[in-house]
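Both complexes shown next keep subunit A, but they swap its partner, so subunit B is in the first and subunit C is in the second.
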Partner chain A sequence: MIDILINITLLAFLAITSVAIVRLTNLFATIMLFGIFSLLSAGLFVVMDAPDVAFTEAAVGAGISTVLMLATLALTKGQKKSHEEDYEEKPSRAHRPWLPLAVVGITGAALVYGTWDIPGFGDPDAPAQTHVARYYIENAMPETGVPNIVTAVLASYRGFDTLGEVAVVFTAGVAVLLLIGGKRPKSSTSLKGDGGQDET
Partner chain B sequence: MFIAVSLAILITMGLALARALTGPTTYDRIAAVNMFGTKTVLLIAVLAFLSGRTDLLDIALVYALINFIGVVAALKLVTQKNFHSSGEKERKVE
Partner chain C sequence: MDFFTDHYNYWVVIFLMMVGLYTVISRGNLIKKVIGLNIFQVSVFFLYISIGTVEGGAAPIITEGVELYSNPLPHVLILTAIVVGVATTALALALVVRIKESYDTIEEDEIHELDHTL
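For the complex of A and B:
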């Protein structure tokens, strides 16, 4: 009962936040609302008994990506300000979004129609539960010794997959650091000048 | 008891969301996001006791940490306009 209420309220907040993200023109406020959006969806994951996904969503969505978007905003703010005013005004008047709206509406209706065939939430006869889930539930603890089954799957059964993901994430992190963290703290004397690129 | 608490938390979340949406200044939005994160932590903690899964409390702790880091990052950006200066040294240079 109270679970349903919390679900509905969180989903309503999520919808309000996403509409506000689309409508707002202040980039800083948009990033702040993205943080709220991540917290809300992580809360929904917790309500739906997926704490591992919620961990990831909270760490990546609310933590890292908020900080990265703020850093990007800090780097690009000077150029963005002048663009922003004339960028916002024109398309909202001249442009008629009926065709995109129709496409989005039809796609959404098709997706909703597709959900009718999806088995119910937590249905024990769902294909996802009957295929390999039983094997993992029965054998994860004796085979790997990890008490959490999701962790056992991620870190042991799919260990190489996770290793590859870690490599991808590391590469992406290095690339983002090269883009965002360009200036070194040591070059603080040349920060006033515009060309503060002393490659040591 | 827990139901009343979770209702109160949901109402507070709604108020914080309204402040984040309308908030005229930047600091209103930062405070609203910080409060929203705190309410999420509380909601998860209450849910943990409501459903009897007290291991969810770890997630509430992670949320508290992430919320703190995000707010510190946002404030650092607002006051210093960048992330790479430490703040103290910059002020001496200026």
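For the complex of A and C:
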């Protein structure tokens, strides 16, 4: 019972935080709220018996993602006089809220309709629990000698998946370096020069 | 009441998913779009971990005297997904920085206007 209570509380916090993220226009506050969102989700992962995922989410989601976003904000803020203006996102002119709301509403309704057929939350006889998961739980310890089943599956049974993951991270790192690393000619930013002339 | 306790988790997950999708569609600021994408991503993680949860089960670490464990397979998949997710986020943010250098703005409307005047 206490599990369900904590679960509902954390889910309510997450919902409130996400709505606040949409409604706030200050980008700095939005990024900080996103860090809180990641930390809350790490707590929820612990409640749902996934401590390994919680570690990763707290370190990578709440830590690295937030730092990356803050760095991007620092690199992209404008040359306004006051600091508050720098972090404000401008209200969108091309976008009316009604079309996105309709799209989101219809998609959400279809997904909720889909949950009718999902086995109940925590059902031990659900199909997901009865096939390959049972094999891992029974055989991971004798076959690999690692008590943490998640580690055993990640590094041993599905080692090739992890190799593919390393390839993806390497590719992303190379792409980021190609995009913003090293020296580039400052030719295309003529707009910035125009702004400077206006001021003088 | 049973139906509610069986499914409320999925409903909140879908709500978070739709909030993320709405942010991506309706906000013009590119950093805000990336944040919306991240919210969507985290809610997909919740969906997987919810499916792997077993009522009364323990974390999947072999311990003496524990019989029932949660499903370890979604945990493995989501561990991989989190790391890949931060890699794609870094790539998206690098693109945002590059767009700022070329267009001197990260607002979608202004980028479109500049594209049409060129």
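Just so we're on the same page, the second predicted complex is superposed on the first by the 152 of 200 C-alpha atoms of A that agree within 3 Å, B and C clash if a C-alpha of one lies under 4 Å from a C-alpha of the other, contacts with A are read in each partner's own complex, and residues count from 1 in each chain.
Convention: contacts are C-beta pairs under 8 Å (C-beta built on N, C-alpha and C of every residue); 3 or more make two chains touch, one makes a residue touch a chain.
Since the model is a prediction, treat every value here as computed from it, not as a measurement.
Of the two partner chains placed by superposition, only subunit C is touched by A:Leu111; subunit B is not.
In the superposition on chain A, A:Ala62 contacts subunit B only, with no contact to subunit C.
Once the two complexes are overlaid on the shared chain, A:Ser18 sits against subunit C while remaining clear of subunit B.
In the superposition on chain A, A:Leu179 makes contact with subunit C only, not with subunit B. Once chain A of one complex is fitted onto chain A of the other, the partner contacts of A:Ala29 are limited to subunit B, with no touch recorded for subunit C. Shared-chain residue A:Thr9: touches subunit B; no touch with subunit C.
Touched residues of subunit A were counted for both subunit B and subunit C, and C has more of them. Applying the stated contact rule after C-alpha superposition, one finds that A:Leu73 touches each of subunit B and subunit C. By the touch criterion defined above, A:Leu39 reaches subunit B but does not reach subunit C.
When both complexes are overlaid on chain A, the residue A:Pro51 reaches subunit B and subunit C alike.
Once the two complexes are overlaid on chain A, the subunit A residues touched by subunit B in the first and by subunit C in the second are 31, 49, 51, 71, 73, 75, 180, 184, 188-189, 191-192. Against subunit C, the residues of subunit A that register as touching in their complex are 4, 7-8, 11-12, 14-15, 18-19, 21-22, 27, 30-31, 34, 37-38, 41, 44-45, 48-53, 56-57, 60-61, 64-65, 68-69, 71-73, 75-76, 89-90, 92-95, 97, 100-101, 103-105, 107-108, 111-112, 115, 118, 120-124, 126, 128-129, 132-133, 136-137, 140-141, 147-150, 153-154, 158, 161-162, 165, 168-169, 172-173, 175-176, 179-180, 184, 188-189, 191-192, 195. Contacts from subunit C toward subunit A in the complex involve residues 2, 5-12, 14-23, 25-29, 31-32, 34-36, 38-39, 42, 45-46, 49-63, 68-76, 78-80, 82-91, 93-98, 100-104, 106-109, 112, 114. Within the complex formed with subunit A, the residues of subunit B that make contact are 2-3, 6-7, 10, 13-14, 17, 20-21, 23, 26, 29-30, 32-33, 36-37, 40, 43-44, 47, 50-51, 53, 55-56, 59, 62-63, 66-67, 69-70, 73-74, 77-78, 81-86, 89-90, 93.
Put simply, subunit A touches subunit B in their complex at residues 2-3, 5-6, 9, 13, 16-17, 20, 28-29, 31-33, 35-36, 39-40, 42-43, 46-47, 49, 51, 54-55, 58-59, 62-63, 66-67, 70-71, 73-75, 77, 180-181, 183-185, 188-189, 191-192.
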